[in-house]
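Both complexes below contain chain A, partnered by chain B and then by chain C.
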Partner chain A sequence: MTAAVFFGCAFIAFGPAFSLFIFTIAKDPLRVIILIAGAFFWLVSLLLSSLVWFIATKATNAQDLTLQKNLLIFGSIFSVILQEVFRFAYYRLLRKANEGLAAISEEDGPPLSVREMAYVAGLGFGIMSGAFSMINTLSDSLGPGTVGMFGDSQYYFITSALMTLALTMLHTFWGVVFFEGCERKRWWVIAVVLCVHLMVFSLSLLNPFYVASILPVYAIMLLMAVWAFFSSGGSLHNITLLWTCRKSNAETSS
Partner chain B sequence: MLFVPVTLCMVVVVATIKSVSFYTEKNGQQLIYTPFTEDTDTVGERLLNSVLNTIIMISVIVVMTIFLVVLYKYRCYKFIHGWLILSSLMMLFWFSFMYLGEVFKTYNLAMDYPTVAMIIWNFGVVGMICIHWKGPLQLQQAYLIAISALMALVFIKYLPEWSAWVILGAISVYDLVAVLCPKGPLRMLVETAQERNEPIFPALIYSSAMIWMVGMANPARHAEPTNQDTGTFCLISAYNPLALTMLRGVKLGLGDFIFYSVLVGKAAATGGDWNTTLACFVAILIGLCLTLLLLAIFKKALPALPISITFGLVFYFSTDNLVRPFMDNLAAHQFYI
Partner chain C sequence: RGRACGGLVAVVSPCTSKLVTSIQLFLFFCLSDVSCNSVAQKIYVELNNTVPCVRLLNATHQIGCQSSISGDTGVIHVLESEADLEWPLSKGPNPPYMVLLESSLFTKSIMMKMKNASSRVAGVVVVQKTSPPEFSPHTTCPNENTGVYTETYDHNLAHCNTTVWNPRGNGLSYEEFDSPVFSLKEDNETEVIKQCYFDHNRVVNGSGLQYPLCAMQLFSHMHAVTDTATCMRRSSMDFSTSPVMVCDPLGGYNVCAFIRPYNSTAFGHKENESVVILDSRAFFLEDSTGAEGSVSGFVTLLAAAQALREATQEAPPTRNILFAFFHGEVFDYIGSSRMVYDMKNNMFVIDLDNVHSILEIGQVAVRSGTNLFLHSDPVSRRNNTVHDEVTNLVKNLQSSTAGLNFSLVETDFSQPLPPSSFQRLLRARAIPGIVLADHQTDINNRYYESFYDNAAHLNLTYPSNLSPEEQLEFVTDTAKSLTEVATAVARALFKQAGGNNSQVNKINADPKTVTQMLYGFLVRSNNSWFQAVMAPELKDILQPNPPQYYVGVAKSSHQANALTYLVQYLLANLTGTATNLTQSQCKKPDELPNESTYLYSYLWVQGVVPPNSTQRESFCVRTAVRLVKAVSPAFDLGDYISKEYSTWTKSQWKFIKARIFLVASRDLEMLTLGVGVAVLFTSLLVTYFVRTKADVLFSSVREPNNAAY
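So, the complex of A and B:
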């Protein structure tokens, strides 16, 4: 509960997302708008699922703790499903908007490719999800207190930060893969993304047994990263070009 | 492009609210425009008082706006300029002196009067020059943001709880009416300015408690091809929530900044939950996006308050009551959705 914990956890949780924002999104106003709209869509999905959870808790006995915990799990599963539904809705909106923008813009073709939009939308979802999970915890870490006073884990802050980072990156990768799947009309991709999201949520149910939750989540994140890389047009050829610093003949958009 | 100044203003207000406790302390003092107290016995009375406060405040605003339009129509420019200069003097010197004092008190910094006099004098004079005469664009923008933030803080401190929310709602409605109705004062203002071919809103003001600043960027800048990033960010009339496009720039009234910041500031002040503040922030930015989109479609002066404030209010109340317990429970168990 010191400034060190605060800054450390803040940088772990938000560092990569913040750098991605600064280096790839901040300069282009259109991308900023898509990012914020993505955050908004995630927020609306959270709002609707909280409404459902709230009604469920108010309709039942508040003293029954196991029931409340189960309701929480149910609410979260509903939230995960709703997030993916809203991701799809955002995809549809962006496609329509892109066509509209292409029609009125002076340059040939749409101003943003679907892949760029996928990345930005995924990052928007991720940033908002991470912020909502972590900000209150971070703010508490600045104040006085004892971590794990009642036998809870000592590592609450750092594991929260690590999970938040994983979720942010996962949302970005899911965005890329999801939009690509929708573009290619591969509907099984949507089902897989939904299942992986539910799997990640289920793994987080194992907290505070952190070895069983954080390690698999990071493994899934790496797998998703590889999938997203290949799905957005990357290849081993690109990587060798990157490492040997050679320019390719054809410009590939990423 | 408008995101940066709006975000900056909101960040300044939220940072101040969270650190300087002066602006959240209620000591029973209220503005004369909200005379009814909210320290009542029943909920019904409190609601009634807040509605009455709102009615008074909005009437004052309506009267002042009409007065302003009348002055403008009859070309009483000197009066308007004088009023404007007096208001900006008050903001730049008195309110910033108070703000500085409270910041020093919060951080327990010792300071002597001559130093403070020097600081405030410099700050104020440079501000007056930048806003009313000429100055580097970014400095002018910074001063206008600072003034909007100061004004928002004053509102957050002196408006009673429920009255503030009702006023926010009522003012969006008024804005909608004033800008879009054919006989609305703000619409008449825009049309008169356009007829006379004058730079839009040359320093209009609304001054009730001598606030609301207005300023205009150097008109010559509009003709230069400006970088998309800096944009022709020109702040116009205080309480007027107008959004106008000019070349590559978009203008937003200072009143919009103020009310957006009041909403986010109140979200930060009550409850202490950062999720609510963040949700209101995102909602307001999305409202602003939608307003700009409508602007691009309709190409005429539009009110910038209604959509953002509506989203902001909806998200404030729903996040505070629905999302907050949900996220708190999830964080307690460390579930990540």
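So, the complex of A and C:
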């Protein structure tokens, strides 16, 4: 659909992740490493789950479309579960690594707190998940045509980009919440994260009925944002503090 | 919380029907193809059965069509009438347009109007439907500069001053277009295009056009420009080990066969040899079957060759007879000019002094009465010896029609020859000769050099309840009339070559052979007879439609096109002899005492399938048929601006394809870009802000070591 749509969708899908990367991660090499390792973990989980799906499709009749659709749903659910398993595995790995890093670092104690690692790991998952969702679609958006010949909606590209944005941010928030829950030994948090992930997946099945899929997903994203904010040390008090701080700065400067 | 997940799953099911169809379509296209790129398959529909108009160049011009290097895109508009042209040319709000028109609207006036408005018309697609009453895209005076009638030969006869041979010609094939022009048959793909147009592009009364609109993109970028000299120069400047040619000379192979073969390595003049040449043209253009224009002529020639075979073997005539099928004659006489050049330069087994007389079979299938006409050249007949010979030939021809249902009439003495290969031979030497045709003045062919000159034009109708094999055997009326012509030609040739007069009445052409050849060349080349006469390695060129007729490029390898092979193997079958050689002996017959590859060529053919078995009875044919390379002498001489010889070349290209898709409105694209930029800037600002205030926002931390964000 030409360069305008390509850049528009690329900015929508990867704009926030890009700005997060530039302002919070790029300067610290350790964070970059954790980000990339997180992306790799997500990739491995996708590989394993897609292997399962691939074997299942090859072993069954390719012409039976309902069966293939059901296999796709089953494969996706399996993938969601596997992603959370790998998130947990990454948490364990980072905890182990944290002790080692604390031993060799110059400061007293680990260079990164678990919260920072949670955020970076979540962002790594999110960026890789977004890349896999969006890159193929983006490359096709460069051509002169748009989706719609076979009855699909012509808003396909924009909605794909919006879903990718939501999924990236959701992975980030899930990372924060998940690691915090594991730290505090609150195991119900893991179950909730898994459930919310499955809920988001099932909402995406409602496409192309975009109103029913995108709006709830964004609502869930806002809720998760609030939860992540509170679990990473924020509070309403801090926000009011921020507000009065600005007001007082404005008063003193004026 | 577990129940919350379960509750939402129930919401999924009512909305599944819509998503099931889209998933089904997605899965169908995804899983049915090895390379599953599902988004591209949601967008584009590739069109596979297209015939593009390509660029040809000669010494002075470039003709044909060209697209831009990344394809030309336009909103589809189906043209309903000439008045409807206003919409793409001026009124339509979404230029550029891709105009789809039916063949009845494919006229010169419409095409020229669209050519002049090339900023609004991105390309043209022609759908072949019913034949118009007449249509000829060739010029009114074909090959006017390379025939014999030049200013110096006879001023009054040059440039069709006395007779315009093709008055219906509009010269469309020789125009140059800056936009791609493709041709489609009426099949499923065309239905998809029209359905897309009716769904998205039709203007409902009152309301404007709604995006998304249906559009088409055509790729046919040609590498060569300007003229032949330029593109040959550019090709020769590439000094790499495998140079990339920008254009290729047109050409192919002439098919030649002598009744008494000569040693094929001994070129030049043959003492005391006198040859009568019987030839026909192969005036072919792309995608044109040339039923009346060419097939009628060479089918008659093949039938005459078969008729002469027995008589010439029993009582060989004094003079030798050469059957010649010239290739590429429409492009300024490529085949015949090559043969004349070879004869003049001692590169052919005979030379011009050996040629006694010439009989050419022109277009003979569309009669307007019971007469066929004998054309001769008035200028050479001013010489008495030539005149006497021509009169003798006319007498032989007219006496050969005794007992047949037609008669041969001489044309008006002052009328020149129609466009024919004989003109090239006359250009070199004043040889006596006659051109046989069904028209007295201008040609009867209403579809000269167009794709409507097909089986229907010749009224080749078969009863509907016949299977393809039965249709092959059915003798049509056209076949009967062509058989009579072939009989007359064979008898006249026998007399002309000095054969015994008492044998003449035994010479008869076979109507079954003629009707089988007409069926194979004009309806379906993949039939049992053609399969029996072809070589095993060439059987793939036989298709369930008429063979490919285009004068291709002269490749350096020994690959001729389908038509050349068909003519070669048919002539071998009709004039050669079957031998007992095995397949390995057929490849190397020189080891045997009585066989010689200097005189004959040995072809291994498939043979028929006997009734009670599945194996073909293949055998080796000994024949005097040879393929002679037919490339214009201008390329051997390096003279790319030659006025004497053909300089036609065809451009090369990388790929040619066509596809349709939907295009979105500009507003939606800009909206997407705007939202994207807004999201990017907002996220940059928010992130920066949160980062600077992070110590305030995330302050309640109980971990002892808290590094700042």
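What we mean here is this: the second predicted complex is superposed on the first by the 244 of 254 C-alpha atoms of A that agree within 3 Å, B and C clash if a C-alpha of one lies under 4 Å from a C-alpha of the other, contacts with A are read in each partner's own complex, and residues count from 1 in each chain.
Following the convention adopted for this analysis, contacts are C-beta pairs under 8 Å (C-beta built on N, C-alpha and C of every residue); 3 or more make two chains touch, one makes a residue touch a chain.
Remember, predicted model here, so these are calculated numbers, not experimental data.
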Room on chain A for both chain B and chain C (clash or fit): fit
Touching partner for A:54 - first (chain B), second (chain C), both, neither: first
Which of chain B and chain C A:137 touches, first, second, both or neither: both
Touching partner for A:64 - first (chain B), second (chain C), both, neither: neither
Vertex chain A, arms to chain B and chain C (CA centres, degrees, nearest 10): 60
Chain B versus chain C as contact partner of A:99, first or second or both or neither: neither
More chain A residues in contact [chain B versus chain C]: C
Chain B versus chain C as contact partner of A:208, first or second or both or neither: both
Nearest-approach distance, in Å, of chain C Cα atoms to those of chain B in the combined model: 5
Touching both chain C and chain B, counted on chain A across the two superposed complexes: 57, 69, 72, 136-137, 156, 205, 207-208
Chain A partner contacts - residues on chain B that touch it in the complex: 1, 3, 228-229, 273-275, 278-279, 282-283, 285-286, 289, 315, 318-319, 321-323, 325-331, 333-337
Complex contact set, residues of chain A against chain B: 27, 29, 32-33, 36-37, 39-40, 43, 46-47, 49-51, 53-54, 57, 69, 72-73, 75-76, 79-80, 83, 128-129, 131-133, 135-137, 139, 156, 159-160, 163-164, 167, 200-201, 204-205, 207-208
Chain C contact footprint on chain A (complex, rising order): 1-2, 4-5, 7-12, 15-16, 18-20, 22-24, 57, 62, 65-66, 68-69, 72, 107-116, 136-137, 140, 143-152, 154-158, 161, 165, 188, 191-192, 195, 198-199, 202-203, 205-209, 212, 229, 232-235, 238-239, 241-242, 245
In the complex, chain C residues that touch chain A: 1-2, 4-5, 8-9, 11-12, 15, 18-25, 27-28, 31, 37, 39-40, 42-45, 73, 196, 211-212, 215, 217, 659-664, 668-677, 679-680, 683-684, 686-688, 691, 693, 696-701, 703-707, 709
